[in-house]
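We call the chains A, B and C, going by the order they appear; numbering starts again at 1 in every chain.
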Amino acid sequence: MATVKPKSKVAAVLEQPKAGRALGMWISAALSLVCAVITLPFLSWIKLVRISELLQSLRIDIADIRLFSSYSYFMYLWDFVTASKAGILGFPAFILIVLAVAAFIMNLIFISIVLINKVGKRGHLQFYLYGKVAAILSMLAGLYCVWYCFGWANAKTYPGSFAPTVIVYILIVLALVFYIVQKILEAEERKIYHEHGLLVEIKRNWVLFIFLIPCFVYFMINNYLPMSGIYFAFVRFNFKDGLFFSPFVKMDNFRFLIKADLWGLTYKTILYNVVFIGLGNVLQIFFAILVSQCGVKWFKKTSQTLIFMPHFVSFVIVKIFVFALLEYQTGMITNMVLNATGNRPDFYNKASYWPFIIVLVNIWKGVGYGMVVYLATIMGISDEYYEAAKIDGANIYQQIQYITLPLLKPTFVILLIYAIGGIMRGQFELFYQLVGSNAVLYPTTDILDTYIYRITVSQPTSMAYGTAAGLYQSVFGLAIVLITNAIIKKADESLALF
Amino acid sequence: MKFTKKLVAVLMALAMVAGLAACGSKEVNTTEAVETTTKAETTKEDAAKDDTTVAEDGELDRSEEIELIMYFTGNEPNDMAVVEDAVNEILLEKFNAKVDFQFSTWTDYTTKYNNTLVTGGCDIIFTADWLNYGTLAAQGAFVELDELMPKYAPELWAEIGEDKMNMCKINGAIYCFPNTWDEYVTDGIVYRKDLAEKLNVPEPIDNIENLEAYFNALAANATELGLSGMFDATATANSVATLWNSTSALLVYNWDNKPLLGMNYGYLYNADDPMNLVDYYFSDQFVEDALLLKKWCDAGWWSRSILSAEANTTSLTDGTTAATVSGANVNKWTGWVRDIEKNGVEGAELEWYEYSLMNGNSYPVAAIHNGTAITQTCKYPERAMEILNYIMMDPEMNALIQCGIEGVHYNIENGFYVPTDKGNSDYAYEAADTWNFRNGKLKLQRESDVIQQQIFDRMAEQSSKCLYPLTDVKSGFAEQYSDYETEHQAVMEIMNKYCGEIFAGTNEDPEALVNALRAELEASEDFKVCRENYVAQWQAYCEEFGFTASR
Amino acid sequence: MKATKIKKGVSGVSFDIIKYGLLTLLAIVCFLPFLVMVSGSFSDNATVVLTGYGVLPKNFSTTAYKFIFRNPSAIIQAYKMTIYYTVVGTLVGLLTTVLTAYVISRSTFKYRNVVSFLIYFTTIFGGGMIPWYLMYTNILPLKGTTFIIWFPAILSSFNIILMRTFIKGSVPDAIIESAKIDGAGEFTILSRIVWPVLTPGLATVGLFLALGYWNDWYRSSLFSTKTDTYELQFYLYNLVSAAEALKNLVSSGTSLSVTIDVPSQTVKMAMAVVVTGPILLVYPFVQRYFVSGITIGAVKG
């Protein structure tokens, strides 16, 4: 109970809400600012000891590298590790950067909250949460750096060669103080506002936390742990060093993206997806309503089943059919057009037809599957609404407009956000099967996924390029989703995804 | 606030990933890392020393029972477990070791093959040029055999011979050993002799006039003959390569006995002067060929929609096409003759004619075509080597793996291998796709092997007249483009963009297309980089192996 | 539904014409290719290649099916395994999905947005196939087990969020709160109040899960080491890919002693029929949850 003493004092100050709040904020902000400054990527964190021996054991030509006796965590990875080609130093150093940058950004956020001073009634607790996270991250970054220098890099291969600078220790101490201050302030504030923290939440809702365990285990194994593979985007793989210890090569693996017509590919990918999402959802909702309104039961069932069927026709078979329809000599549609216009269309040698063909096929294949979600939602709507509307004299169109559509909105929004998250990825199978390797059609049909596939398929160990491209798609996709979600949240908080 | 909340979430996610990744990867890789780094250092500096320490003790230490995983492309035969048990019985007794045969299946086999290597999923692996042996070896996927093999597999080393072993060198070291059976997979044309006679076309098809006459006659009578196409030519694979194969096979005739082969950045290799590559893209020949291909396409030899057409694996044997112009070899041909009879195509008679009869360019299959390698992650390379020696050299063991158990899966009648019914369904000839374990001397003979051997002999005779007799000059070379991979990809994109159309002959103005390709390549800095590197590597290769003469 | 029994106005009649007309049209467009696929599977490969597909089988032949069923025990085993994976995976998946979705649908759960985001985040960022493969083969040595075939697909971010929407839509917060006041535990609320009214949602997500399992071949391709654990789709897919791979290999010059004679196009059609058939038999049973409303009286209580 080391906090017993300051408790009363702080409490006394806090009892005058304005002064207390301000004091707590400014102390925290100052600490945070120092932490942020220390985590700037210009200050030296890692010191090289016994330089000549180290360079010798790393086989680095001294002229080869702009040699310093100490490096910031960023320049360490960027210059020293890259030049050393010692992959074993790379991955942990990469994590150091992630931690330090996260700490830096967190501190910045915290400071800006203080500066804006936009704290709501109960917002103080959120505010302290940011503070605590910032403090913990800063501390982690510092501790990790110490471990890296003494624990990892030294013990494994290059004994006595690395050491953290004083700055790192300062960071750890300051972050600790920062954290304690936050903790004290928070505890006091809690008493005033009767808010609770994580521990109380766990105590109160422990059953819910238990419910989440399978989900946690699953996503850890299946998604979060494998995410470490993002690092492959920055290495040149070789078997001797293995996946995580191949030499770090900076952004080399991204060069192929820049060489490509990146803007054109991105533009095409997004445009196709926008059309798929827009047209697809409109038609799915439209037909879902039609089906739900059918009174004749057998018709309702049969039509719904039939509309669902294209989902079972794989793209491999779709491709066979499309080819049978569009082939130059024997294609059914080709011959129909010939009879109608006297001209034989050369589908497979003219790119301009293909956006239409691809959109048509995609909608045809997806309408039944997508419809199910809407149909299930409509079925969840109580009959009473409609009965009431009918008594009020609403006709069928009005019922749809004022009851069905508004109630479909949450589902639509969720599907929309999902679709938008994948807006940088295409329907690979669709494009790959229909177009194949026909470069004549690429001007209108080449999307990011097909391009990446083409580049990586010929590579025996292509994870570097694939991961690099995936990272580009992910970052872009995340940005779009965050914006979309923010807009939706502004319009109606309950509809947002998170 | 809302925005910050989201940022917090993002950052927490990132931190979580980072933290966990650190733990996770530590688990996987710390031991491995220590191992590999020490291994790397020892192999670099004292590889020799390391080996001698084992050898000083005399015999290998076999006290520990080990299991080695052998990885093959292809499907697992039904009776693999039975054969595996029989193999392990012998191996346990002799070497205190077991082997586990694992298979990639043919679905996505390259991906799975690479995954297995990357994650260290096996000890002994089948390798070949079509599985990127060169690139993988250069990246360090396999153990060097230069010293390991003479020491622990001396009989096999002697049997294969140093010349052939040297053909497996990548960057100066040997990473795999080939099988010891000289086979010829020289490309050729398979066509319907009966149709040629019916249409009164001159035969055999051994020059461009006869070829054109044959296909023109077919195209004119396609509907009556019930043909969906002249031959199965497609571009379904991932690059121009497949289409190039199909059409270049036809064009061999056109080159007036100039044995030109292969294509990289528009370079062709001339078998009579290997050192000096021929610049095909910028030669007049390219334009001529492009015009010719357009002529053929217009004549209806193939569909105008060919660039998106699908491979039809059975079109020849069910009688809907009348020739195969690329990817055929003697082995395949004998199979097709059987299949077409089985399918009951009336009066069908398939004729084989290898292109080498015309251009004289014949060679046995490259050493790295069916190779065996020990992976970097194998813990007992010495013991693996000794077991491989046994598998390759012991008649009983070799036959067991290749053909199954005698009396159960096959019988020997009149000196020929004859499969039993069980053998046919559960463990056929080379059922486990162990092509790398073929030993020419121990290989069980089948009846069809006699005809095949006759043609092989014919090809061997042609080959002996070549500048470098009985040698596949170009297949030993694997371009190492990891230093200019991005440039390589960029050039491939340009080539992809034009070549499909050029080789398909579908464009109205092929000459303009060729010129456009040339213009874009000439303007591309990447193209220069690639070509320079390629030529330098190629010439270094020729010099290393002594392919410097010309005639 | 009772909707149509009430007297129709002009708008009702016009709407009838529109809906029946359009639905019939769409149904035909969707069904026709499927029909062509079925008749294609019963056609002779050579004839089909020559003359194209039709609504009726051309030159009736069962060669494609004979090819697929040439090893009946294997295909029956593959059916069994797929049913096993589908049933186990769907049940476990549904349960875990509902558990998770229930938690993040609760407006009194403080961290619902953080959890939702972390779940959603997995759809945007990924480390690629290699580390994922490494996870299941090296860190957790599961290669070759049946567990690994169904486990990686039990949860999907999409299904969870979809389920959350369904729960939010059909169970108002007020009901849960009043139940809590009455002393009901979370588990009781979930099993007695939420689960019963969730049928359309369960049916939807269950359908998606089941279809996912039924159509999967990729996990078998990566992780199955023994033929008798193959998924049906992979078993069939592999029949054709073997033929195509060997054909391509030959063009790169490998001499093979076997040729595989696969009537490729009709076999692909027959494969699709063999795979789809059982689903079409089961589908009507699931379908009633989408096409006829359910009583949600419990909610209004």
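In the analysis below, a residue touches a chain if its C-beta (ideal position, glycine included) is under 8 Å from a C-beta of that chain, and two chains touch if they have at least 3 such contacts.
Predicted model only: the values in this text are computed from it and were never measured.
On a Cα centroid basis, the chain most remote from subunit A in this structure is B. Between A-B and B-C, more contacting C-beta pairs join the chains of A-B.
Once the centre of each chain is set as its mean CA position, subunit A and subunit C turn out to be 25 Å apart. The distance from the centre of subunit A to the centre of subunit B, with each centre set as the mean of the Cα atoms, comes to 40 Å.
Put simply, the C-alpha centre of subunit B and that of subunit C have 37 angstrom between them.
Looking at subunit A, residues 224-225, 227-228, 230, 243, 320, 463, 478, 498 sit in touch with two or more other chains.
Multi-chain contact residues of subunit C, defined as those touching 2 or more other chains: 113-114, 117-118, 129-130, 134-135, 139, 265. Those residues of subunit B in touch with two or more other chains are numbered 5-6, 9-10, 12, 16, 24, 28, 118, 237, 310. By the touch criterion stated above, subunit A contacts subunit B in their complex at residues 88, 91-92, 95, 98-99, 102, 105-106, 109, 112-113, 118, 120, 123, 126, 129-130, 133, 137, 140, 156-157, 220, 224-225, 227-228, 230-231, 236-245, 252, 255-256, 259-260, 319-320, 323, 326-329, 331, 346-349, 434-442, 454-455, 457-461, 463, 478, 482, 485-486, 489, 498. Against subunit B, the residues of subunit C that register as touching in their complex are 45-46, 49-50, 113-114, 117-118, 121, 129-130, 133-135, 137-139, 143, 217, 221-222, 225-227, 234, 237-238, 241-265. Against subunit C, in their complex, subunit A makes its touches with residues 198, 201, 205, 207-208, 211-212, 214-215, 218-219, 221-230, 232, 243, 287, 290-295, 297, 299-314, 316-318, 320-321, 324, 330, 332, 364, 367-368, 372-373, 375-377, 379-383, 386-387, 390, 395-397, 407, 410-411, 414, 417-418, 421-422, 463, 466-467, 470, 474, 477-478, 481, 494, 497-498. The residues of subunit C lying in touch with subunit A in their complex are 1-6, 9, 11-12, 15, 18-20, 22-24, 26-31, 33-34, 36-37, 52-53, 96, 99-100, 102-103, 106, 108-111, 113-120, 122-132, 134-135, 139-140, 151-152, 154-155, 158, 160-162, 165-166, 168-170, 185-187, 200-201, 203-204, 207-208, 211, 265, 268-269, 272, 275-276, 279-280, 283-284, 287-294, 296, 300. Against subunit C, in their complex, subunit B makes its touches with residues 5-6, 9-10, 12-13, 16, 24, 27-28, 74-76, 78, 102, 105-109, 111-112, 115, 118-121, 128-130, 183-185, 187, 226-228, 237, 242, 245, 310-315, 317-320, 326-332, 335-336, 338-339, 342-343, 365, 369-370, 428-430, 435, 446.
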